[in-house]
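One chain, chain A, links the two complexes that follow: it is found with chain B in the first and with chain C in the second.
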Partner chain A sequence: MKKLTYTGLLAGLIAGASMLFAHSSMAQECEDLVLGSAISLTGKYATNGVHAQNGYEFAVKKIAQAGGVKVGDKCYNFKVVYYDDESKGDRAATLVERLVNQDKVQYMLGPYSSGMTKAIAPVTEKYQIPMVEAEGASRSLFNQGYKYLFAVLSTSEQYLASAIALAAEKAQASGSTPSSVKVAIAVENDPFSLDIRAGVLEDAEKFGMQIVIDEQLPRDLSDMSAILTKVKLLKPDVLVVSGHSKGAATAVRQIGEQNIDVPMIAITHCEAADVVGNFGAAANDFLCSTQWAESLTYEDPIFGSASNYEKEFKSAYPEYAQKKVPYQTAQASAAVYVFKDAFERAGTLDKQAIRNALSATDLATFYGQIKFSEAGNNIAKPMVLRQIQDGVYNVVAPSNFASHALNWPRKP
Partner chain B sequence: MDQILGNLSLLFEFPVVNVKIILDGVMIGALFALAAYGLALVWGVMNVKNLAQGDFVITGGYVAWWLSGQGLPPLLGVPIAFVVLWGIGWVIYKLVISRVIERDLFTSLLATFGLAIMIAQLLNLMFGSDTQSIQLKYDTLYFFDGFVDVPIAKLIGVLMAISLAAAVIIFMKTSRMGQAIRATAQDARAARVLGIDTDKVYAFTFSLNSAICGAAGAIIVMVWVIQPFYGISYSIRAFVIVTAAGLGNLPGVIAAGLGIGVAEQYGAHIFGIGYQQAVAVLLLLLVLMIRMLQQRRMRQSLK
Partner chain C sequence: MNTKNIIFYVALLVLTAIAPFLFPDFRTQLATLWLMIVVAMTWDMTGGQMGYNSLGNILFYGTGMYVAAVISIGMVHDVGAYTDAGRLELMTFTERQYFVGAIVGIIGAGLFCSVTAIVVGYVTFGLRGPYFAIGTLGVAIAAGELVSNWGWIGGGQGISLPVYPGNFDVGKLFFYYLFAGTGVVLFMFLKWLYSTRFGAAINAIRDDEEKAEAMGIHTMRYKLTTWAMAAFFVGIVGGISGFQLIHFEPLETAYQTTNLGIFMVVCVLLGGKGTLWGPVIGAILFHFIKEVTWNYFLGWQWVALGALIVVTVVYFQDGVMGWLAHRKPQSPRL
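On to the complex of A and B.
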């Protein structure tokens, strides 16, 4: 019996070694092409930082499997050097200096969050390092005149603005005018949420809507009953809440408790707060904004369709099996794909040429169309609104990608 | 400004809103008072100003949250968090607090500040930075045409807080250990002379404090939400309450706790929810100013 096991082990070893050999012979053909990233693996952004890192790594692997990156007649495989920025901006900036000066990294993938991206963008600009980022949506990143910063995601003022358009549409359909719609806004006092507020205000103004509540949530929010009481008194037609996952959790729970009757409620960070898992039926009919959903009809040759991405990612990372693949992961993968495309079009490793190739990107991906404006943000991909219908996230806007009809007015 | 006036007029236009605000304030205030009572205990007995107070609260919340994730009934989380935090408090006393207790004010402040940072980061590493809460499957009671809502979960939480506070008070009044704690608080040296093992009293007091905080946290996670870095806001409120009420003034602590709860809710309603905590800190400033004026008068009369 024992002998048999040894034989088995030996056979396994030989098979393993031959596979290793085959692999290394493949790797010999493709050299490493090093990208750098300072990302939050510990600290308050750790959860999403790890989501992003997994997205990067998954894309690196998929691109290698598809034959690597072809630059001229040579072939490369991406290799990402990570440093943990501990969710601190000053640390991130230091680490980028180190990536550039000591590790001689010439191309960067972004960190997690707008704040971190803001902290390192001046450094990458200084060294003229092209950076494709996937996790910084604040529009203040794109009015600084940065030349080397490219973002695959939609900017944050678009996050909930589509809810306003949807409300106007519904008002018209029900026989009243969009200008009769009353809007209530409760957003956190941080760059991301203030962008969202700006986007909502802009669109509401366009329709001539009336803003009846416009309040800012504290950073350590755990109770927003004061705002909800006002909502009860002033009866707005749309309520917009953005306060990261604490905002989502608090809103869903207390709106249920206080029996708030508003026809349309739009929030951010539904998945991060797992509002369906935590609050069940109380989360029904909430609108949730997202950068990406696996039910969208986008596709590309590397990852296949959006739903294929979801499937393959889950089998590569079993810890995601029980939940939805977060859009933070999908957009991180898309960022790596954008680099591959730019390298291949540039046909050289020269970072200036890469920068120009990036700026000319017009790429269809499983994550959506990617085309950068002069300022570096992606202007080709719309934000998506999903509604929680009986515990399931269904895409309801924009209407050309919508798979389900909107439940309106929402039942309290 | 218009918004503030509008908010004020709402209070008069719909008087029933006041009922809701006061009720909400009292319910949240009861939990503030609990954490503040623990702080006053440690402060009074050991002269240690525990800046990690709020982080004990959050730790208790995570204990209860984790247990309910393992399938335990959520209400059981409160007594278990009490016991677990008792143990954690004891270990922290032996490792850290016992070494700084005789030192000056800044040593203990620095040590507990360090503790606060460490606890928050440990929780972050263990449970992640997302907000967590436990949803109890109880209904909500509605009064005044649904304007005033009292979730039964909140009611249970407050009742648990009240019974815990009552138990601690009775314990302090009647038990031997309670007497020893009070004796040590009055005069540690005299207590030692009379045969009280003050080190044991200190360890007990600190553990009791962290256990109270743990139970408070376990209640908070059922009613509101927690996050690894939320500790500081509970620490601040505990300090405000104790400073306002004074040490060894239990009715004062309870009154101040409830008062701050209500004041914060009014502040949130009138000035906007972003200023909710600012109200608490503003009250602290007011209290300190009034105290200073009172003391100046006292000094003058002594001359």
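On to the complex of A and C.
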């Protein structure tokens, strides 16, 4: 009896030890693979900085759950080191120096906004640190000849191109010509929005439209009533507003307050600013450009389909339960996934090899196809345009993705 | 200068020369330290020595940055096309174009800022005390807004200069020595200047401007000359910063009134106004405190900075140098 107990104890001990061993060997198997990121957690880009950070963290977790990153015969888990760039470019550049020199980071995830990315890209370029960024869309990032910069998102000039095309279409349908369309533009004075403006100007010129207002929003973006008064007087057919989340919130709020009656209003960052949740009916019939929509049919083995991504993300981050998961979050997750893919294809941690693997990326993701041009921007994924119809975001353009017809003219 | 002093200065020079090799990971921070020393010393020229507290010296930093960049781009490409938001083609610089552009641009920036100081000074030096401080601050803020709405030089999106060609470690040394060289030249220049009649004249303006005027000092001429000299050096470090940062935008990087524009004043207050060494010591202390708080007390850094300013202003109005002089009144002034 006594002997049996001893045997039992011994067996138990062995079993326990082997379980411990198995556990520790599993933990040993996956080492940390450190990525760095300077991101706006305070300052004017804080809302979207947090959206992006959540996207990064969600992807890190999902990839770890799916078995980590296999490089050769070793396994790694991503770990991201963050610093708050305070939404200031020179601060962001200094932090990248710190990440590279003091934290010895070899691979970077991007910051939020084109402006911050513009400040950081030369630094990562100097250090030859591959950076996959998800939040810098301005074309001015991709005409500098940078070799280590890769962006998963579509460039800014595409954001509102379909809105201008739709306006031309509607003008024709209602018996007038596209060249009679009057366009009003109000954008923030920053690299992203200035590129939006450049894109709209190019498209408007193609149709011979008239630009009746071309103004820059004040810097704090909490008041655009002066510009809206001008809109009331000049009665444009299309109003384009771009100014990140703050600009979107201000536009929707004041357009509602001042009863601005324009047949078509197109803005950016609707989801990130949660304009439906914050302003309700005032946001109806706004056109919102988006990099990604959960209703699209993209999918991949890690995140599943686009709608699955949204579902799982919402359960991981309950604060998003009542609103749309913004595309800023989705593309941040996609950036981490691009890194995983590049590491696995490169089969080494050598940053030069990773850079080359990144440039050869051709990856289907829940966020859309990702394939980089020579300049580093993603050329495989289209932008979509959604309209807020009775509080619901419905895709209205381009036509091959459209699920709903456009509400036009918009009712104030 | 006695032997002891000579040994002291030579040792400092050697330290300056070898510092980037002693701390290779901190080359950029060391370069920034020299930038702080230069802007603090130049601020003290008017603020400490002449009694005109400018809050707008950042004007010359931003202007220097833009002038240097525009000159260096303009020597090779069409500036308007280079800064166009929708530009698709690549616009590159050869190594020679980069260096010639940088040097010409930086010197041009210094000269341009001197002229700017004379023009702006002609108007603002009619103001005294807090009015002068607010007046110059206004000019700096207005300049930032003007630049951010000027499309030809990139407007709100700023300018991206080319990345340093060639080995980047050498590049870091290049920028360190540019900043350090400017700092050393400025220090020697001021050491000489403050020992001349000119130095005595601007001190007289500080102590009692009416009396100085009555004694036959042409105060306006002295004030303008002093500010123009200060602006020259600020313009130069602004130009260097532009090439070091590579990308900069008008409101938060170039005309950063609330950051560097205030930091330079804090440095001088910390070190001691109206002394040769005060701004240098203040800049070193401030830069050290700033790096530590920004790295280890992230989230509290602005609180720490505010506390530092309050403590300095309330308890150490004369700064480190003033405190030293009070403790050891007999010791020779460095």
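The working rule: the second predicted complex is superposed on the first by the 352 of 412 C-alpha atoms of A that agree within 3 Å, B and C clash if a C-alpha of one lies under 4 Å from a C-alpha of the other, contacts with A are read in each partner's own complex, and residues count from 1 in each chain.
Methods note: contacts are C-beta pairs under 8 Å (C-beta built on N, C-alpha and C of every residue); 3 or more make two chains touch, one makes a residue touch a chain.
Quick caveat, the model's predicted, so the values are computed rather than measured.
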{"item": "Which of chain B and chain C A:189 touches, first, second, both or neither", "value": "both"}
{"item": "Contacts of A:319 with chain B and chain C, given as first, second, both or neither", "value": "neither"}
{"item": "Partner chain(s) touched by A:73 [first = chain B, second = chain C, both, neither]", "value": "neither"}
{"item": "Touched partner set for A:273, first chain B, second chain C, both or neither", "value": "first"}
{"item": "Chain B versus chain C as contact partner of A:47, first or second or both or neither", "value": "first"}
{"item": "Touched partner set for A:216, first chain B, second chain C, both or neither", "value": "both"}
{"item": "Doubly contacted chain A residues - partners chain C and chain B", "value": "189, 216"}
{"item": "Interface residues, chain B side, partner chain A - complex", "value": "3, 7, 10, 13-14, 17, 20-21, 24, 28, 121, 124-125, 128-131, 133, 135, 140, 142, 146-147, 149, 151, 220, 224-230, 232-233, 265, 268-269, 272-274, 276-277"}
{"item": "Chain C to chain A touching residues, read off their complex", "value": "25-26, 28-29, 32, 84-92, 148-149, 155-158, 160, 162-164, 168, 171, 245-249, 251-253, 256, 259, 295, 298-299"}
{"item": "Of chain A, residues touching chain C in the complex", "value": "83-84, 88-90, 93-94, 97-98, 101-102, 114-115, 118-119, 121-123, 125-128, 138-140, 143-145, 157, 188-191, 194-195, 197-199, 201-202, 216, 219"}
{"item": "Residues of chain A that touch chain B when the two form their complex", "value": "42-47, 186, 189, 214-218, 220-227, 229-230, 232-233, 245-246, 249-250, 253, 257-259, 272-274, 278-280, 282"}
